[in-house]
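Have a look at this one before I ask anything.
Naming follows writing order (A, B, C and D), and every chain is counted from residue 1.
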Amino acid sequence: KNQRSADYSEISQYYRPGHADYTFDAKYGFRDYRGGGRSSARETIGRVAAGAVAEKILDCLGIRLYAYAKEIGGISIDYSRFDRNACNPFNMPDAQAAAQVEAYAAARLQEGDSVGGIIECVAENLVPGIGEPVFDKLDADLAKAMLSIGAVKGFEMGDGFAAARSTGLQNNDAFVMSGGRVAKKTNHSGGTLGGISDGADLVFRVAVKPTPSISAQQQTVGRDGKERTVSIKGRHDPMVVPRAVVVVEAMAALVLADQIFENMTAKMDGIMQFYGR
Amino acid sequence: KNQRSADYSEISQYYRPGHADYTFDAKYGFRDYRGGGRSSARETIGRVAAGAVAEKILDCLGIRLYAYAKEIGGISIDYSRFDRNACNPFNMPDAQAAAQVEAYAAARLQEGDSVGGIIECVAENLVPGIGEPVFDKLDADLAKAMLSIGAVKGFEMGDGFAAARSTGLQNNDAFVMSGGRVAKKTNHSGGTLGGISDGADLVFRVAVKPTPSISAQQQTVGRDGKERTVSIKGRHDPMVVPRAVVVVEAMAALVLADQIFENMTAKMDGIMQFYGR
Amino acid sequence: KNQRSADYSEISQYYRPGHADYTFDAKYGFRDYRGGGRSSARETIGRVAAGAVAEKILDCLGIRLYAYAKEIGGISIDYSRFDRNACNPFNMPDAQAAAQVEAYAAARLQEGDSVGGIIECVAENLVPGIGEPVFDKLDADLAKAMLSIGAVKGFEMGDGFAAARSTGLQNNDAFVMSGGRVAKKTNHSGGTLGGISDGADLVFRVAVKPTPSISAQQQTVGRDGKERTVSIKGRHDPMVVPRAVVVVEAMAALVLADQIFENMTAKMDGIMQFYGR
Amino acid sequence: KNQRSADYSEISQYYRPGHADYTFDAKYGFRDYRGGGRSSARETIGRVAAGAVAEKILDCLGIRLYAYAKEIGGISIDYSRFDRNACNPFNMPDAQAAAQVEAYAAARLQEGDSVGGIIECVAENLVPGIGEPVFDKLDADLAKAMLSIGAVKGFEMGDGFAAARSTGLQNNDAFVMSGGRVAKKTNHSGGTLGGISDGADLVFRVAVKPTPSISAQQQTVGRDGKERTVSIKGRHDPMVVPRAVVVVEAMAALVLADQIFENMTAKMDGIMQFYGR
């Protein structure tokens, strides 16, 4: 009922820039323009429901998984003020940054514009050994899961693109002994080596583009093949980042649960012990 | 025969920082330290062989796919000098940048250090409509394929992480009519909208970390659980980027061929026509 | 609401012979004994819903798919009386056989017993070439689909087990020319050769065991580990065959639609034609 | 080298009845007639190699898996003479039946004809709980694996098609207590209930058609579209059953290993114990 299909009637006549309207038409010769189709963010409800089950599994295994908005509209959190319990509509763990975002986003909305941002996700206390060695690397499955979320345009593990600009000496994480176990002095790798969890925190980031539906004037093309200028009406959010945080966390939980399951067959003696044989 | 297993005998005693040595041991209780295991770049030969077949398919369909080193050790190509026919050992389409990289890499090698870089991949003349709408978005499958390659730590489509810092007005690509067809004025999206190809060039980038095997002194831990300082011997390359270009292109070809096949069932009338019914 | 969970309260105390009660407990340490779990025939509703969509696709392609009870309680249809339009509660295309089944089943029900049967499924006008050559043979996917239906214990293509007792001269279908096309004089193979459709009618059969829930006295074991004698109450059908006919047809439709889609990439020139390149 | 491609040159001109020649041509517009293609029994070498690894895993878990020819050319073994150590070229665990088969097969070969048969496969000491509840039932995966083997036309679990002719009272296996555990008095089900192993021996059978390549005169059609009579030359075996026994066992081992792995995540407490959390 919440779809308010009437809001979408005008949209049926043209292709919204930055949206899947045109590509759905190109692929299927058809599109559901009323906000309930498969390219609507409403589709993520199933991901979040399944993710909630997966997070229960991670809880049972003592793994702490959380995601937050690291940056919105170019305004980044300051890690020295990092507070997971900070409560604000932007899902930012830094009240000061959140306040700046609020002002910035209000200004953009005023202009009929929108903003993007970066979501960071962390998993603590993951056992080492999770992830498959060739195609189903933990990094690979996370990357696919993240890029399958609408509006996501980038993914990086650990230092990610910054690693591409560093050197081996800077980027390699030295191994040390800590409490009788192998550990790492730093975590440039973001918790995986060779696609397999290395016991350090899993850390990755996701780039979210600005909401494409904006009320400012834009140039586009109608289904009639004529160019036109449009201003998109309806309840459009100037940023999807805060809500995408939940989806990122859900998808990460699903990947982790799957990979934790898959890892149970890595060693023959583990299998024999499991079956008591 | 080319493996020169003897080079690796010392490595069997400790975990190389930045390598999968430790994670393989953690997962399997075993690792093949002789350079032929599943975490060796030699594993990519199967990807390249399969990719060569996939590229034949793309050729038949008139799709031009190519990858190149966009940036090595922080030195980027200049698009005003872009030359696909430039021939240099760095796979850089800009002779001047390549010359700078040569000097820079030689200096790092001298220090026993290594460098990373960014690979860019482009597919021209792809039909619109390729990519599945929810989990198997074209972006998602490409991201998984790229992050499944060893040493890759990041992926971005089109403007990628830069899009996260722009606004809707800046980032949306206006639709225009061009030669009787719907086209886009710009290509911030990198050729996909909603995970489906939009007819513009497909453009994505991949972050490659610096080679972890370096001869400079590093701190690590032995299999005996004791900390030690090591200098890795053997034929180690100060950069894998130029050779990873080939693997990126191969994996992209595989994803595109798969998705082009999958798209053939998007419309019922297309299926009926195919079967002449 | 139709589940009438109260009917099942007694069942929670013991393992019904021939049912999944014990194996679910062994696997999950838990079972849903109220008739709504994953081993209930109610689970097939999703298969039938999806199968209805798949049958629409087959209709568009001119393929006629139908299933029927070939034999119930050992009473077989007579093909000389075969009438697809015969309307009886047993889904038997032979009114006379259906009448016999009615009497036979009533007698078994009287005794608190139940009966099994054989379902036959036919697809006419399938194009040759459908089915993948190694693991995903058309026969193999059909076999999996059929054995995934509860109570199904056997599958055979064409002559099936009878072929195992015949000779090459008897079993080989001679090729002939018919209307300018290659055809077969007989159809012992049931419409596939090497796992790929050969243009003849697809014909396969499925063995359905007698309903395990019966009111006659049976020996079993309780969850308390004590042996006991039980008589199962509730609305139990003395035969599931007539209703399983619908499920067999639905699953066959799903396999055929999938394999028809997959076959579209068998030839490079077919792909090029599809994309107009 | 063993292919003797020359033997096949004549075959290139026509479609062998009962073979995949015609269907490969229909599907691919091409076939490899030299005995090395994907429809050749040579393809099974990869299955047997992988199956050998899977059988090692089953060995470690104390599962005894074995297959044998139960019936060839209609001549069945007598279970009262069952001897797993019987050594004969027919893989029959009954020397007397094997002797009869030898005479029968020689007579058929003399006539340029061939014979089929039935292979039985048994797995002892399988834990209860193996198999997934809906689509990936243990029966379903075994059925697919078996029907994916060339020349196989039927599959049945336990009593199979005979169960379709029995009644609930006859076919239900009574549960009893045995050595403090739940067991079954009989094994009509062949070791699965609801698609999940029930702790009894896994027993299934596979129908193998007679070898289609025979030297007796047969009617067929040439690639030129003309009808002709042919006599197939080359080293053709009058029965594939004895060698298919090895393939059946290998495929069963692969399915069992996969499903045993998959079952390890059935219970949350099992997962927690595995990870020591």
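Note that in this section a contact is a pair of C-beta atoms (placed from the backbone, for glycine too) under 8 Å apart; a residue touches a chain by one contact, two chains touch by 3 or more.
Not measured: the values here are computed from a predicted model.
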For this session: Just grab the chain with the largest centre-to-centre distance to chain A, centres being mean Cα coordinates.
Result: D
Seminar exercise, completed: Between chain C and chain D, the Cα-mean centres are separated in Å by 20
Exercise. What is the distance in Å between the mean C-alpha positions of chain B and chain D?
Worked result: 43
For this session: State, to the nearest whole Å, the distance from the C-alpha centre of chain B to the C-alpha centre of chain C.
Result: 47
Exercise. Think of each chain as a node with edges to the chains it touches; is that a line, ring, star, complete or other?
Worked result: ring
Seminar exercise, completed: Pairwise, the chains that touch are A-B, A-D, B-C, C-D
Exercise. Within the complex, which stretch of chain C touches chain D?
Worked result: 15, 17-20, 22-24, 26-29, 38-39, 43, 71, 73-74, 108, 111, 113-118, 128-131, 133-137, 139-148, 150, 152-161, 163-177, 180, 182, 185, 189-190, 192-199, 207-214, 216, 218-221, 225-227, 263, 266-267, 269
Exercise. Which of the residues in chain B come into contact with chain C in the complex?
Worked result: 57, 60-62, 127, 260-261, 264-265, 268, 270-272, 274-275, 277
